[in-house]
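Both complexes shown next keep chain A, but they swap its partner, so chain B is in the first and chain C is in the second.
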Partner chain A sequence: MHPVLIGQLTVDGLLLGGIYALSALGLNVIFGVMRIVNLAHGEFVIGAALFAAVLFERWHINPFIVLPFAFAAAFGGGALIQRFLLRRLPEDLAAAETTSLLLTFGISYFLVGAGLAIFSGNFRSVPFLTGAWALGAISIAQTRFVAFVTSSILALLLALLLRYTALGRSLRATSQSIEGALACGVDVERVRTFAFALGTGIAAASGCLLSLIFTVNPETGANVTLASFAVIALGGLGDYVGTLVGAAIIGLAISFTGYYASAQVAQAAPYVLFILVLLLRPSGLLGRRAA
Partner chain B sequence: MKRATVAGFVLVVAALALIPPFASGYVRSLLYITVLDVALAYAWNVISGYAGYLSFGQVTFFGLGAYTTALVVIHGHVAWWEGALLGGALSALLAVPLGYLMLRLRGAYFALGMLGLAQTFQVIANASGFSGGGSGLFLPPGSNTLAVYYWTLAIAVLTFVATVFIDRSAFGLRLQALREDEQVASTLGVDVTTAKVMAFVISAIVPGLLGGGYAWYLTYIEPVSAFATRFDLQAVAMTILGGIGTVWGPLIGGVLMSQVSETLAAQFPQTYLMIFGGLVVVLLLFLPRGIVPAVSAALARRRARA
Partner chain C sequence: MKRNDLVRLTAAVVAAAFTAVLGSAGVPATAQGKPIVIGASISETGAYADSGKYALQGYQLWVQQQNAKGGLLGRKIELKTYDDASDPATAVRLYQRLIDQDHVDLIVGPYSSAVTASVANVAQQHHMPMISPEVASTAPFERGLTEIFQGIQVAADYVSGPMEIAKEHGYKTIAVTGEDTLFPRSVVAGVEDQAKKLGMTVVFNQLYPHNASDYSAIVQKMKEANPDIVLSASYLPDSVGLLRAMKQANFAPKLVYLGVGPTELSFGTQNGKDADGVMGTGNWSAELKTQGNADFVKAFEATFGRPPDYHAASNYAALEVLGEAVKRAGSLDLDKIRDQLATLTMPTVMGSYRVDPKTGIQQGYRSLVLQWENGKQYVVYPKQLAQRAPNVPFAAWASR
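So, the complex of A and B:
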């Protein structure tokens, strides 16, 4: 194998991983606070990607201008879902997990259907910044690089929010212990709504970036949910640093299998990794072994 | 079960067996889809309803059955039902090691693991030459839709009878115990691994057997429709509507909903997904335990008053 080729595939994979990292961070925020895996996560990602693609197609609107609006819209949508749907689920924890999975599974198909009705089943992407920079023998696609940088900035903002703001502190407190947070006067209900809204908002933001790289249609959401879940399964649920490592691994896996097998097989690479990791190290590659 | 219930059930099955030869093509296909949906819902109900392991990838076995049948009919020149039996056997064989592996995962991990498995099988069918890739496989002409209907009806009746037995057996109790609390069940001496792997195998054989009939019925299969997670969405929606983890739930939910789905799927394929997805949400909020427990609770209340 030629070293330039390895370098090229590595760079492509890591840049791609940066975008998956953002989507997975959104999923992880929701899981951390609510202990819920949002199966409709990918549909939020793809929904934003399709909106960005259509706006670019029709009026040549820059996807980076769409991004904050997509974030805000999905934030609002997520808040409504939490407020009016998830919040009504039973309190009992074991039943809540089952019901939340069924509920978000239903929401995901609702959104797939809505997406097909609005956007049709056509594959779309944003043909924006199609050039590449040369770094020695390795070429860096401008879209991938810009999307990676944006994704990193947003991930950093999220980290700062979690670390240094009062809201971020309540969010982390709720992740650690609901009773503890309640005892300290945290409005857990509000934190949950904020977490779910933030998670779906981040999903939409990552969708705007994904639209620069991939062609998507409404039915590709499940792939994104699975890839994002694979990322956090690799890194450990609720572990934000692990998420970045997991994303790099998934990005590399997709990039290398995409070259050596085919783009189709590359789609399956995240699941295969995901299942292997879950079976061999159920608490994630970096995670401490669960009891 | 009361004698009247059994008699009613026998009558319904007899009607379902006698009507199709005299019915129009439309009614026949509607009845086929109904019994297919009911059987798939019953299969899903064993692993996800009784054992509590939500699977969004049982369609893996349906697609496996469909492809096995298509391949042996095309290359082996055997009858379709022999292919379908082989599909069921392969599903069971695959489900044993797969069950031991996947059922170590819980909750969302298992749900997404199964969803990923179905997607992986779809990718394999898409990428392999022997399965015809994305353009799929054509079965030889001469498909007998009536035979497929009886095959599917027989399997639907068997899944129902199996559910009646599971519901009353010690095995069914073991499944419900591990659904409520796996650790406690294990501490009390339930061999949880064997119980849940058995449930998983039962839930895999049924779609494996049905997939072959489906391939012969359509005379054409391709990866996206053979491994469509839509089938799992339907099984989920139907079982929740009727009552998850109950004997009658999948039957009632399946019969009610397949009438809606047949009409919608033909005319508005997108609205159809929206309605099924939306229905799952609405049901979970307003009728979370389904029709059967709601009705039996109402009956019990009336009896108490009398």
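So, the complex of A and C:
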């Protein structure tokens, strides 16, 4: 085991994890508050990535400039979806979970179709900051580093919002117990709309970062959804700190198995972890709360 | 009400009778003028929509030009196409419909290897000869089908170009990779054998899965194997991913070949300066000095307002060949046309068409090595078709 190699694989893995973290955070906010498994999550991510790629192709608009606008647009879109579609789900939570699966699955299909119509099936990505910085013998990919930092900042903002604002407190309260929140006078409907909007907004933000790293087309959304699921299952559903830990573990797993085994094993690694965690620690690795 | 119904019924009967009379009387009178219908399904929507449209326009242009020249066997030609939405199962149904219900006279191949492989069986069952301009894999031809003819270069021929270039420059060691799916696997299958013949060694050989999330680990391993050249059978997304990972790992072997990904114009947009020096395999180029190519490019631009790509060219060439086969057969006798497709040799915009008469596998068309330089692709191999000499070694990342 060569220390430089271990260092390189660790850096690559952590940076990769940073990218998964943000998209998974968005998914987890939605699940934590609404108990809705949003199967269309990856499509929101990819939609924003494709927009960012096209804007760069046509007018050389930097994805970091697109990011806040994409966030705002997806935030609005998410609020509309919640108001006009998800709100119509049955009151009963157990029934709502099944129906929400079907509904978001339908939305994901619709978005893939719309994406193919708008963007075609062409693969796109943004050629920006494609080089690497050298840290001794270890090379740090610029895009991944910048995406990692942006992702961390957004995660920090989210943490601050959840902890220190009234809205954030209602959000956490709703995620802990709907009845409790209702009893304390929290406008649960508003909080749920906010949570779904925030989740899709974060998805779009992560999409802008993703466009710098991966080559995507409208049909690659399912991969993102799956990877995000593996991350939040690892970190614990509804557990935001756990999401960051889960993302780091998955990034490291992909990086190390990719080197010591093969790319095929690396592709399976997140899901093997996912299954192991489901079997052994169903409430997530950190196991703070039963999901 | 009753009266009304009666009127309607009478009208319907009269109309039906009228149509029947027109139909039966009309056919013999206009048989000479009845067009020859050529049927195909094309991926106009779905994942392959963009390339599929080029393919369709290639067909359309030939039909339009041929009709202007008086058609085929003195009859006009009509192209009947349906959209298969990039789905093999849909394409199979559509070809069945073209043959059984629409009674088309001839068929030509659909877009993409996967779709063609499924449709080949339908053509075989109905004994309809089919030239397929979009199937580089030889797998469909190795099932003993007698009606299918390959209208594009063979996949295994793709890597011989970069390997010849490497040999000329005295490069000795090769790292092989590529996507672990049917077509890329058939591209790199023969590398070990070819390397032995050329006195080269394969120092790394590992594929990556479809939709791989990360290429940094595989690139790290290749870098440690320290090869002179990297040969990868990649599509667009993975070729972009690999090249970026190579840059990020500061890995610059002397020759970089990334399969079919680099032939797409989007490879240039997505990589900018980083694309310089990267080689890929192309099937066709607007600059090729093949017969009729310059006119084809000009006519295509005039008709559709954009330059053609290789899909347009290979589909256009397929109809050039089919047209010639019909002419030589002198009729629409499918057996005669089949025999012509199997044995004829003729120049097209793609090169010299010639297939193995037993299997239908393409032997005449040569694949081209394209290389990126300053945002443009140039043909650098084979020599007789090259626009310029290959620019090797691949420039170090820091010097760009």
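Throughout what follows, the second predicted complex is superposed on the first by the 273 of 291 C-alpha atoms of A that agree within 3 Å, B and C clash if a C-alpha of one lies under 4 Å from a C-alpha of the other, contacts with A are read in each partner's own complex, and residues count from 1 in each chain.
Basically, a residue touches a chain if its C-beta (ideal position, glycine included) is under 8 Å from a C-beta of that chain, and two chains touch if they have at least 3 such contacts.
Values in this document were obtained by computation on a predicted structure and should not be read as measured data.
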Which partner does A:271 reach: the first (chain B), the second (chain C), both, or neither?
first
Looking at the overlay, does A:116 come into contact with chain B only (first), chain C only (second), both, or neither?
both
Which holds for A:165: it touches chain B only (first), chain C only (second), both, or neither?
neither
With both complexes overlaid on chain A, does A:9 touch chain B (first), chain C (second), both or neither?
second
Pick one for A:105: touches chain B only (first), chain C only (second), both, or neither.
first
Where does A:97 make contact in the superposed view: on chain B (first), on chain C (second), on both, or on neither?
first
Touching partner for A:262 - first (chain B), second (chain C), both, neither:
both
Does chain B (first) or chain C (second) touch A:223, or do both, or does neither?
both
Counting only touches as set out at the top, which of chain B and chain C does A:176 meet: first, second, both, neither?
neither
Mind sorting out which residues of chain A both chain B and chain C touch, each in its own complex?
116-117, 223, 262, 264, 267
Over in the complex, which chain A residues touch chain B? Could you list them?
37, 39, 85, 88-90, 94, 97-99, 101-103, 105-114, 116-117, 222-223, 225-226, 229-230, 233, 261-262, 264-265, 267-268, 270-272, 274-275, 278-279, 282
Complex contacts: residues of chain B adjacent to chain A:
52, 54, 56, 101-102, 104-105, 107-109, 111-113, 115-117, 119-120, 123-124, 126-127, 180-181, 229, 233, 236-237, 240, 269-281, 284-285, 288
If you look only at chain C, which of its residues touch chain A in the complex?
45-50, 86, 180, 206-209, 211-218, 220-221, 235-238, 240-241, 244, 247-250, 266, 269-272, 274, 397
Contact footprint of chain C on chain A as seen in their complex
5, 8-9, 12, 16, 57, 116-117, 120-127, 130-132, 134, 139, 141-144, 214-217, 219-220, 223, 227, 254-259, 262-264, 266-267
